[in-house]
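Order as written gives the chain letters A, B, C and D; numbering starts at 1 within each chain.
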Amino acid sequence: MTTTVGIVGATGAVGQRFVQLLEDHPFFEIGVVTASPSSAGRPYREAAKWRVDTPIPDHVGDLTVRATDPAEIPDDVELLFSSLPSSVAAEVEPPLCEAGYVVSSNSSNERMAEDVPLVIPEINGDHLGILDVQRDERGWDGALIKNPNCSTITMVPTLAGLDGFGIESVHVATLQAVSGAGYSGVTSMEIIDNALPHIGGEEEKMETESRKLLGSFDGGEVALHEMDVSASCNRVATLDGHLENVWADLAEDVTTAEAAEAMRAVPSLDLPSSPDPFITVFDEPDRPQPRLDRTLGDGMGVAAGGIQETPDGVLYNALAHNTIRGAAGASVLNGELLIEQGWL
Amino acid sequence: MTTTVGIVGATGAVGQRFVQLLEDHPFFEIGVVTASPSSAGRPYREAAKWRVDTPIPDHVGDLTVRATDPAEIPDDVELLFSSLPSSVAAEVEPPLCEAGYVVSSNSSNERMAEDVPLVIPEINGDHLGILDVQRDERGWDGALIKNPNCSTITMVPTLAGLDGFGIESVHVATLQAVSGAGYSGVTSMEIIDNALPHIGGEEEKMETESRKLLGSFDGGEVALHEMDVSASCNRVATLDGHLENVWADLAEDVTTAEAAEAMRAVPSLDLPSSPDPFITVFDEPDRPQPRLDRTLGDGMGVAAGGIQETPDGVLYNALAHNTIRGAAGASVLNGELLIEQGWL
Amino acid sequence: MTTTVGIVGATGAVGQRFVQLLEDHPFFEIGVVTASPSSAGRPYREAAKWRVDTPIPDHVGDLTVRATDPAEIPDDVELLFSSLPSSVAAEVEPPLCEAGYVVSSNSSNERMAEDVPLVIPEINGDHLGILDVQRDERGWDGALIKNPNCSTITMVPTLAGLDGFGIESVHVATLQAVSGAGYSGVTSMEIIDNALPHIGGEEEKMETESRKLLGSFDGGEVALHEMDVSASCNRVATLDGHLENVWADLAEDVTTAEAAEAMRAVPSLDLPSSPDPFITVFDEPDRPQPRLDRTLGDGMGVAAGGIQETPDGVLYNALAHNTIRGAAGASVLNGELLIEQGWL
Amino acid sequence: MTTTVGIVGATGAVGQRFVQLLEDHPFFEIGVVTASPSSAGRPYREAAKWRVDTPIPDHVGDLTVRATDPAEIPDDVELLFSSLPSSVAAEVEPPLCEAGYVVSSNSSNERMAEDVPLVIPEINGDHLGILDVQRDERGWDGALIKNPNCSTITMVPTLAGLDGFGIESVHVATLQAVSGAGYSGVTSMEIIDNALPHIGGEEEKMETESRKLLGSFDGGEVALHEMDVSASCNRVATLDGHLENVWADLAEDVTTAEAAEAMRAVPSLDLPSSPDPFITVFDEPDRPQPRLDRTLGDGMGVAAGGIQETPDGVLYNALAHNTIRGAAGASVLNGELLIEQGWL
């Protein structure tokens, strides 16, 4: 029994990743692809400037691109994967939810809304329960679920592992890949022989989303985690894979070995896209590295390494593939969790 | 009145920078260049594989390379600039000092020794007074003075500016240029489409040297600054210019503007290699950047930017040219300070 | 006696280079800067997103940007430097010439027109004589002069040196810098860990422009050089500096030394921007290299090296700075030649 | 029925690729790994600094490294894959062949020896017949077979396709990946924001090896192809994948379509490592590109594109993965051909 799904914003970089990740998926079958009006009416094969490293699946290439409009979505579609600029998403996602579609979205709008679940399935899948509140409040037949920002996803799984020791505060510096800015987001003139010490809005996303993800859900609302998070975000000349230096100040003393063990103990799920192991912890101080380790678990794995004790807790490196685990793959995994929990 | 100087380890990358920086210097004239026995006896022009972006000065190119041995240094030489691997420096520097030479060294050995001044002239030039202690204890006619590691130099000037607000602790993440590892230190296979989250020994240097540099000298010894410093060091694909994200926790509340003002107020010196301004503070959040800003003050300037308030203090970016302000230029500036203070 | 000049398209990348190169110029003073209507009326300082590595000259930063329209150009301006997309240039340059302005243009339109001089001053300055024909035919008080494409300029000076041996045909493969495509022309996703084997329109420019530049002018028209030129153009991950592999098939046998001598013998001119030497020939087989050699002659020099004999002639490498000698600097040098020859 | 094989020089970069490519191979099983005396006696897992992107196969990791000496090779080993510096290979390969081993070698020594087959199986598999001559002349029970240099392999398959039109001469410019120089062959300081116009010895290899590969074997010796080949070799900042611009002057006129068809018609073989299709020809002018196309056929495919007609023939781009099709994979494929033709 497969669920027919649609991809909203299917011609963009993340949209293409959705197409790639959904090929031969055990739960899902692509029934519709939508894009801006300028692409509507054309075969997907022509409308998308395909840049993914595997060929366009034939049956998707042949689909006619539709406008992103509830009236254009076929009736048999139940779930929509969405990745749009946040201002566009803020306009098109609510009508889709109102029309009865469940939307698993990578867009940044409404991630911090109280009645919108922000979910990493291995970490806080129980937060999906917020959907009952959402449907009550918004009167939707559909639903809206979000995954966090790529830089947040890279860090939070390891923090979840450490939270048994009581996280009091986090300092995190990122070395983020250029693909995180979209195909044309960083020019070659900006990044060759250079690094950029600022990514607009990114720091705030890490600081707020991480507290919601690690917050507790009491059936009614999510209480944000009380830790302070301070992020400093940088862009470097890597194609894929966000590397992060994380200082976690902890209430309890921990050894390097205990911290590693706690990260390795974060369980994988029995969902098609959940990697096993979820978190790979390297003993080597110079790992993980973006090019060597970003494809762990087919790009859905999270890596850590270089764990050191500090006076107040631990310092370590974290890594994840920003356009797979950090974007399209995150939304797909959320879709799988929706199926498993019976929300569709 | 010029002082005749020598360059110890003159054929290496930093040695070549010394040759470049000392050309037409108002205080110094190069009288001798030394290197390992395999290069001794050959003209410098042939012994050095010249890679600096200005031509070899003719009179230096014609010098015959000597072995690094007190017996080989001409009598009229008074000051030696040294940059050697620390294990080599630990063997050759003391005999040179014993033989009466003043050695301004970029090598990492003995930087933390109690009777060795570790100096950034604009910050703690008074620490040169330790030389009296050193001469007493070691019975040297010469003297040994050190400049800090390139990653330390990048951060400490801005911290000096902030210390009026009471620095309690520092977290720092670095994005360091490949030249810091020497000409062949980082292979292209390691760094293209990649970043390396570890540089051996670097973190400890930043954590200890910074406390000595900002410590107070009472005429007898240096009391280390009491701040805690925790560093996480990364290598990225830039040629020159170390970029650092610095969190400084402060005893007093400060605004972004006050922090910027305090950094700008760190004075320049009236020495030939001291840049004016010493610290350039950018208002733009995405500056400084390595390629755009590393040549401020002919590579001797320090830059800061992106200052933000945090709950505990400030977060900002710092940048300096690692092979000029962070290595050869640092030793030359220390040499200038030695002259000005009359130690020669 | 300075000439008041204007910069057309002053806010773009090449426009900014014009501003930089014309600061403190012995012949020229900037009297006006123009740009598209959206920038008109704003101070240049605000309208230009300044990315050149020296500061905006104050008096230019204070100029109010004008629309690119003859009615907007002050009367005391005599010479205009232009760098616009060719389709825009094709519309705005002729009215400016008709209105009496002399336009030294880097834009690619009309480079091959029979009555438009295409000039590298050191190579074919006599071609300026075409301007008499141009004024006759077009009825202009002003005049239009072009410099060639950056990839053409890199190769042609060395060919001019070899032409005494009778060039019969040329094969040339280019490794071009990303700046040649404009600030945003090549994305980081396209070029990190990659090379692009195609640059639209570039090959034809090299094949046609080179024959005009080396053609002979009889006072009435230019007879194209009879050599066949076949170009293959590639983009690589360098910031500035086009490197080219050139095979020149020659009528006469030449030795490597004779070829080098012939290139070195191409004379420099006594103009402010003409470098001396014009062509630097390296004996080392691995030179010139973009990063090491692009700033020869302040970016106006041309370099060659790695000369080898082939069965039919010679094979060698050529290099020039594409945004200085290959763009803005080329137009400025043409402006200087116009002054010297008395066309203004 | 599998053949037990050994890897000579197994700890190096190409040696590691051999281990990777031979895992689960239908013909071969690794029975021994050899290296220099300093590694002998240690488990392969420890002796090799493993850098390939798949894990070390367990049974190989557990093998004890042997010295490269006939006395150290177990009796059941029949075929050795070798990749050593040419000077080392020249010393160790002949004794191994004399001792009865068949050596499929990637090392550059003896590639042009008259009694040594230089083979690309899809192109000139019949040249293996030279082994009868070799055994006669050298009195070996074993045999020595070579694959060409990585830059040669990239170009020759496409030339083989075109040779039906009569290749008269070839000009080729290469943009070669840094991995071709070995893991530490190109430093980051050399190649960031740069390109190197020279690779020692590379041009001569392309010029001679290509004529042998396309030469005809009459049962006794190989008559070299009569075409002139002139190569210009450059290093660029790509990790893997040599890109080449090839001008082939042809006796007959051909259209772009005919040239593409002739390349596509070069047949694949029914061997485990032979890709299908062998040559992928792109219609797009900006393909193939190293990062996008180097993994065609699991790195064993050859790509062409951008075919243009020239006055004398055609100009096009060629690409192959230099460390798979151009090195270890080439030797493995030669080993498969040896099996199929019954030389073992």
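By our rule, a residue touches a chain if its C-beta (ideal position, glycine included) is under 8 Å from a C-beta of that chain, and two chains touch if they have at least 3 such contacts.
Everything numeric here is computed off the predicted structure, so don't read it as measured data.
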*Which chains are in contact with both chain C and chain D?*
A, B
*Compare the CA centroid of chain C with every other chain's and tell me the farthest one.*
A
*Compute the distance, rounded to whole Å, between the mean C-alpha positions of chain B and chain D.*
48
*asked:* Just the number, please: Cα centre separation of chain B and chain C in whole Å.
replied: 42
*Sites on chain B at which at least two other chains make contact*: 192-193, 237-239, 292
*Report the residues of chain A in contact with chain D in the complex, numbered from low to high.*
53, 192-193, 292, 295
_For the chain C and chain A complex, residues of the former touching the latter_ = 51, 178-179, 183-193, 237-239
*chain C residues within the chain D interface of the complex*: 171, 173, 175, 193-198, 228, 230, 232, 234, 236-239, 243, 245, 247, 285-292, 305-306, 310-311, 315, 317
